[in-house]
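There are structures below to look over.
Both complexes shown next keep chain A, but they swap its partner, so chain B is in the first and chain C is in the second.
Take a look at the complex of A and B:
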């Protein structure tokens, strides 16, 4: 069954004026993206990769330099006002609203930016307050809310017009573990109501893995890979992900990284035990013998090793972490 | 596919947004009663100084009445300069601009709501200033034609707040420099508008000063209201004022719209709209 396209970009490019004399910053470069109805799509990428820029273009806040971006088949440049009725954007870390107004008053205000009739707005707000567990703070001024509750209010704003497409730019920034989980459930439930699309960015790999139907990995304005988390794991890592525990840590990490066949490498130190865990993505298993001798040359002892299930983080590291550019 | 909003729907959304923005303004600034007291009390002190001065040099009591009206009107200028003009600027600083830009409302209706809220708010304060001024300084007024006073007053506010709408976009684009300019403008305008003079369009005031003052709709409105409320003149003598105020609005409104559109498209092109302090 062919699903309807919700978001589409064609050779999208966006430049920013850089520091004088240094040339332009390429924030997005030839981005072709397709996101479908009923899909939660995640954008992963390092700081400055272009995620927010892409979202801003799709939300009609920024013009593309070249190429095209379409929302439900409508061009974001020419049909902005039509598009704005069916989208909403929540940026983590932003706290739109008026500090002097209560949570309830702010929500009512947000609803009026979409022209919701009084009773209709009231019902919707009651529902959102319930879903985001804001009941106890209804009459609290926004300026007195904690960061996390401000973020919840911001999220409630995102849902206030029941958009067809919701853009979430690092929505769980500043939320505690339980609240973040709660939000993920909320987004999943909301998508199930049908005819919805979510495009989100996050720096939490586990979050993307759990939440997203598909993810795109973006670095330096280019989409490096785009697929379901499961397929990315097998496709990119080839399934060969290794976990090696060593002590002490490698004195020359670079020498290990440069071994031919090592696609990705990340290290985690356990300060208490002095044990370092290396996570490696290898092109093939035969690389292992070179690797072990390099570790020995470094004067480190192997405590434990084994194959591990690849995670989205492994995919990310192998695409972004070892200089794929 | 996606249906386009009908003109009626479009109008309704924008009216609701404007109303909501006005409501926020009223709600926000009247929560704390101390603010209200200060905003009425402080101007009264300035006005008092002039009234006493004019009495001391032997001017007729009408000079005091003129200063009270001037002081009340200055409240609108301050409001336009500090609240209206810096509206987008603060909305951007607080992260609200993005919210407004992503919503299907025209930015003009948000500004309109802000202007309505600001003028209602300031009217409450201005009324307080006038009543308190009359009570304390016992100055004479001659309300021969209250309806005309109302008309001129409304036209003055419309022109003044339209000017504020224009300033709002300029402020936003030029950020800090505009801020400093406003700072610079405040005192000269107090002077140019003649708010604290017994009369601005008097032979003793140099013509250049009169002309410069007339660039601000407030000066024109102020002079008309003084004629109507103090000299007891009728609408016949303030026709030029009324026409000038209408002309101001008709010139300023499209300019405000243009500036806003220009600001928006420039922001979208350069990516400056949601950046802070530049």
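Take a look at the complex of A and C:
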């Protein structure tokens, strides 16, 4: 069955003026994207990959340089006013409203910007406050809220007009584990109400894996891959992902990366134990002997190694060539 | 956007703006702050005039009393200019940089228009408070305390002449405030000088403290295209401080200059909005 498109971009390109003499910066490069109704779509990529630029264009905050972006079939350039009725945006790590106003006053203000009828707005705010567990802070000034509660308010603001499409730009940035989990549950519950779409950008692979129906991996303005997390894992990594613990760390990381057959490599250092964990995506397992020789040449000792289940991080490593950390 | 929704958004923006601007202190201190600036400015000029008149041997006391009344009314109504210019010049900067809500307001159905109007109306109310308090304090000081018999009777004001002029004047000032918001959208370096600069130009050229006929001839054409010039003329006429014969022509000039200012204001705002969308400025943060 063919599903309806919520978001569509066609050869979308966005340039920003660069430093004089250095030419323009390509933030988005021929991006073709299709996001469907009832879908949580995740955009994964490092800082500067183009995630926020794409969201800004889709939210009518920024004009594309070339190409086309459509929201429910409406062009973001020509039909912006119609689009604004059906979208909302929540950005992580930002102030969700006026610090001098209470939670209730902030939500009321934004509900009225969307022209919600008084009684409907009251019910909607009461429901959101309940869902986001903000009851105890209803009359608290926004400036007095903790980071977690500010982000809950931010999310409530994003839901206030019950948008058909919600853009979440790194919504769990700066949140503790529990708050982030709570937020993810809310988003999942909301999408189940039907006829909704979420476009989420995140740095956190596990978040995308847990939350998203499909994921697009973006780097330097290009979408490198786009599919369900499961399919991406098998398709891109081919299953050959390895985790090796060594000590001390490799002095020449590049020499390992340059071994033929090493598709991607990321490292995580444990400062307390002095152990470095290498996550590798290999073309084939025969590469392993060259790899172990190179590790020994570097003076490092292998403490533990094993094949691991591919994760979205492995997909990312294999596509971009390095980890996001 | 439907008109009813527009009004609702503007009304809520007004309510929020009022809370932001008045909630920082208690009501008495807020009212004092609203009156202290225009009153201080008036008293400085008024006492220069009074001292000058008393030093001059041929001082015509009737002329100076008349001039003081003219000065008080000009200064009092200049509070609208001051409040609207200073309030609207900084609005975009504060909501973009400090509260980080500008982009969220922009992506709502009405974009920035009802919000700017609602917030501008807060400055209008602040201005009205300043005007009324300045007039009351001036009469109390000059006629009550100093017994100067200035021909200023607040009960004899012709409201049918005053109200149309004030309404048109406020519309023109809001249109200029719109332009200041527009400049602020595309620039992040002018918010602290813009309001002061524009209101300063109006103070000098708008006939606030002296008749524009006293200005150099090459500057007078600028005064003649400023709505505030005709606003203050019409206001003074409604107070009986200028001949009422020229009221209709002043009101007509005020209407024309208001219309032109409104058209320019909307055009400038649209240009700024397009440029901001082109460059991605709605969520720009100041880097200083």
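Remarks
Note that in this section the second predicted complex is superposed on the first by the 319 of 325 C-alpha atoms of A that agree within 3 Å, B and C clash if a C-alpha of one lies under 4 Å from a C-alpha of the other, contacts with A are read in each partner's own complex, and residues count from 1 in each chain.
We adopt the following convention: contacts are C-beta pairs under 8 Å (C-beta built on N, C-alpha and C of every residue); 3 or more make two chains touch, one makes a residue touch a chain.
Treat the numbers as computed from the prediction; the structure is a model and nothing was measured.
Clashing of chain B with chain C is the outcome of superposition onto chain A. Touch criterion met: A:59 reaches chain B and chain C at once. After overlaying the two complexes on the shared chain, residue contacts for A:305 are found with neither chain B nor chain C.
In the superposed model, A:73 makes contact with chain B only, not with chain C. Once the two complexes are laid over each other on the shared chain, residue contacts for A:115 go to chain B and to chain C alike. Look at A:84: by the touch rule set out above, it reaches both chain B and chain C. Judged by the touch definition given at the top, the superposed model places A:138 against neither chain B nor chain C. A count of residues in chain A touched by chain B and by chain C gives the higher number to B.
Put simply, chain A uses residues 16, 53, 56, 59-63, 81, 84-85, 87-89, 94-95, 97-101, 105, 108-110, 112-115, 157 to touch chain B in one complex and chain C in the other. Of all residues in chain A, only 16, 53, 56, 59-63, 81, 84-85, 87-89, 94-95, 97-101, 105, 108-110, 112-115, 157, 161 touch chain C in the complex they form.
Of all residues in chain A, those touching chain B in their complex are 16-17, 53, 56, 59-63, 72-74, 81-82, 84-89, 91, 94-101, 105, 108-110, 112-116, 157. On chain B, the positions that touch chain A within their shared complex are 1-2, 4-5, 9, 12-14, 16-17, 19-21, 23-24, 27-28, 31, 94-96, 98-105, 268-271, 273-274.
Residues 1-2, 4-5, 8-9, 11-13, 15-16, 19-20, 23-24, 98-101, 103-111, 114-115, 277-278, 280, 282-283 of chain C are the ones that touch chain A when the two sit in their complex.
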